[in-house]
Amino acid sequence: MRKIVADLHAELVRYNLVAWTAGNVSGRVPGADLFVIKPSGVSYDELTPENMVVCDLDGTLVEGEHAPSSDTAAHAYVYRNMPEVGGVVHTHSTYASAWAARGEAIPCVLTAMADEFGGEIPVGPFALIGDDSIGQGIVETLKGHRSPAVLMQNHGVFTIGKDPKAAVKAAVMCEDVARTVHVARQLGTPLPIAQDDIDRLYDRYQNVYGQRSPR
Amino acid sequence: MRKIVADLHAELVRYNLVAWTAGNVSGRVPGADLFVIKPSGVSYDELTPENMVVCDLDGTLVEGEHAPSSDTAAHAYVYRNMPEVGGVVHTHSTYASAWAARGEAIPCVLTAMADEFGGEIPVGPFALIGDDSIGQGIVETLKGHRSPAVLMQNHGVFTIGKDPKAAVKAAVMCEDVARTVHVARQLGTPLPIAQDDIDRLYDRYQNVYGQRSPR
Amino acid sequence: MRKIVADLHAELVRYNLVAWTAGNVSGRVPGADLFVIKPSGVSYDELTPENMVVCDLDGTLVEGEHAPSSDTAAHAYVYRNMPEVGGVVHTHSTYASAWAARGEAIPCVLTAMADEFGGEIPVGPFALIGDDSIGQGIVETLKGHRSPAVLMQNHGVFTIGKDPKAAVKAAVMCEDVARTVHVARQLGTPLPIAQDDIDRLYDRYQNVYGQRSPR
Amino acid sequence: MRKIVADLHAELVRYNLVAWTAGNVSGRVPGADLFVIKPSGVSYDELTPENMVVCDLDGTLVEGEHAPSSDTAAHAYVYRNMPEVGGVVHTHSTYASAWAARGEAIPCVLTAMADEFGGEIPVGPFALIGDDSIGQGIVETLKGHRSPAVLMQNHGVFTIGKDPKAAVKAAVMCEDVARTVHVARQLGTPLPIAQDDIDRLYDRYQNVYGQRSPR
């Protein structure tokens, strides 16, 4: 899990989702009340399986020589309150953060959004770092929502997944659709997709896509 | 053909036309009712000639260990109905998809568009994945049209070519002109090009350009 | 000169000024009525000193196995009519081409523009490929103008320099300022720079900057 | 210090803050009235510890075979007048320069801005190169301001830090937030962050973040 989480940060860099050290991936340790997360303030080039840190579900450092990411409390809150979640990602990716700065959900006007997010990408509350406020905002927004991504107001994006790779994919796709819908809106109003069609697309993508079953 | 198709996916990555695994190239096998296409849900880094899959013109898997791309039915429909087509590409590239989200054709206001597309890049219908709807929309829009690219409403781009490389070139150029015309439109109205001039440019480019004949 | 011209194309790629094979560099052969230019329709990865082609000042192929760039006539016209020019570059770079599509000069609102271009970047006429129209438009616009770059209407950019490297630098800086001024204009009106200040900046940069004299 | 300064220029390239040779990093030599700076007009690929130049605090060349950056006088003025500054960076990065072209401060509407800049990023005066005007404008704007970055009108960005790496980080983050706030503003008005919350975020980030103390 240390290696998986360390390596996945390269995807954040590859897709230009992060600048300097802002942005982090974590992954729940299977079968234990622990998760692996990026150390705080360490650059992406220097991440290795060895310098990743391990925390318990209260966000307390259990193993590692570095301090955990300053976003650790938010990750921990998600793992404590959403047992189905195995990976969490946080970024300040440009287009998603721009929607977040306006406190505006991204409307579902692309079939790829219907596939991956099942509708709009919602906005969570403004919350200060330092206690459970951010974690609460994430969980309250995403519980019972199809979207694995939430735009935290004036802040950035948190995404969840069954494992860290799924959460990274959601972060990549969130920025991709945030940018495309932004660009579409710059010159007019994107055409809506009917709710029935969104439902059909979401259902199909979640159940059929990928290598689950050759056809 | 497996190697050609596998390698051409690197161009989609190089030109930032694709995020994660969204986007695929296929190529008709010369002299057979078969085409090679990307496997579904496999990342671009992991594509090899060996893991590409072969389908017949109904889109049924003929050879390969992975499931074919979820867009296989659309590719197959194009090969069945446009015998002159030897390559098909699908992407959700940002600027082209933004025009598609508004259901708006890209007007021909650049000489490079006149060269490559012979006029505007047209919009195809909204269509759900799962049957022949997307393929029909592509073929109905592109049959008898100069453009090798169609913007499928709320979805993305499909391009065609005499071979996979030509279809990839059309996908690259489609995003390039979609972006430039978008940027031009952000601050005003691009100047039109007279139809006669578009015709002359298209005719010249299709018949003279490249290494066909030294002059 | 073959090597210089071949290598400089890598700068067009590095700065994202070109897509596929659109865009070319040429350089006058010192002491001869000849210039080296990119072969037509060959990808940037495949350019070598050996496959560059040599033309006379009428644009006629003198040496080389490939056909010269389809823009050769325009380059040749510039070399014939501007003896001080030692390098020419042509691109369809996005932001510069967007200004060109609107037929709008880029106003001088950045000190870097005053330095490099000495004022606005002007627009040249709409001209069809195939005869001397493009070359004439370039020369008529740039003769007696400080700017080494011209935005050819609905087309793209041509830049000139004392040698090919200077022309490439002008192409890179042209796109850079085209983008910055575009972005500035998106949210309001950039502040003008007084003509006196533009003159002072231009004079200083042309005469002092770089490694000409240590101070 | 020569090596540190030479290497840090790679970060300007990596984050696309610079085109051609525009942009430079300098670092104060600890315990001496000297600083190391980029040589003028040398490309980023060719920078080595050996070809960096050393100047005194009047900006006079003390050591080195090349002329110092044409922005040396501005760096020198900052070192003379802000003894706490150990590093200075100058760029023409696109989005920050666009705000600078309009003479508009970047409003603090992102928590990451509150963290790093403690409020808005201010605008400094229009100033010509050649004397101490630019240096004076930087120092007058940044003295007593939380922001380590200033947008010099119609010009670009200068950032300061306790060492060159901190100044480079400020330059990277300045462009990042300049872009995100620009994008946010394109489609509406970003939500403000209360001054109290900005103060709390700034205080926490400056005192807690990073590897200073494991918690």
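Each chain carries a letter (A, B, C and D) given by its place in the written order, and its residues are counted from 1.
Basically, a residue touches a chain if its C-beta (ideal position, glycine included) is under 8 Å from a C-beta of that chain, and two chains touch if they have at least 3 such contacts.
These figures come from a predicted structure and were not determined experimentally.
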Type of chain B:chain C copy interface by residue overlap (half), same or different: different
Maximum centroid distance from chain D, chain identifier (CA atoms): B
Copy-to-copy rotation for chain C and chain D - C-alpha atoms, rounded to a multiple of 5°: 90
Gap in Å, rounded to a whole number, between the CA centres of chain D and chain A: 31
Separation of mean Cα positions, chain D and chain B [Å, integer]: 43
Per-residue multi-chain contacts in chain C, two or more chains: 186
Touch relationships between chains, expressed as pairs: A-B, A-D, B-C, C-D
For the chain B and chain C complex, residues of the former touching the latter: 15, 109-112, 169, 172-173, 176, 179-181, 183-184, 186-191, 193, 197, 200-201, 204, 208-211, 213-215
In the complex with chain A, residue positions of chain B that touch it: 19-20, 22, 39-42, 61, 66-68, 70, 92, 94-95, 97-99, 101-104, 126, 128-130, 153-156, 182, 185-186
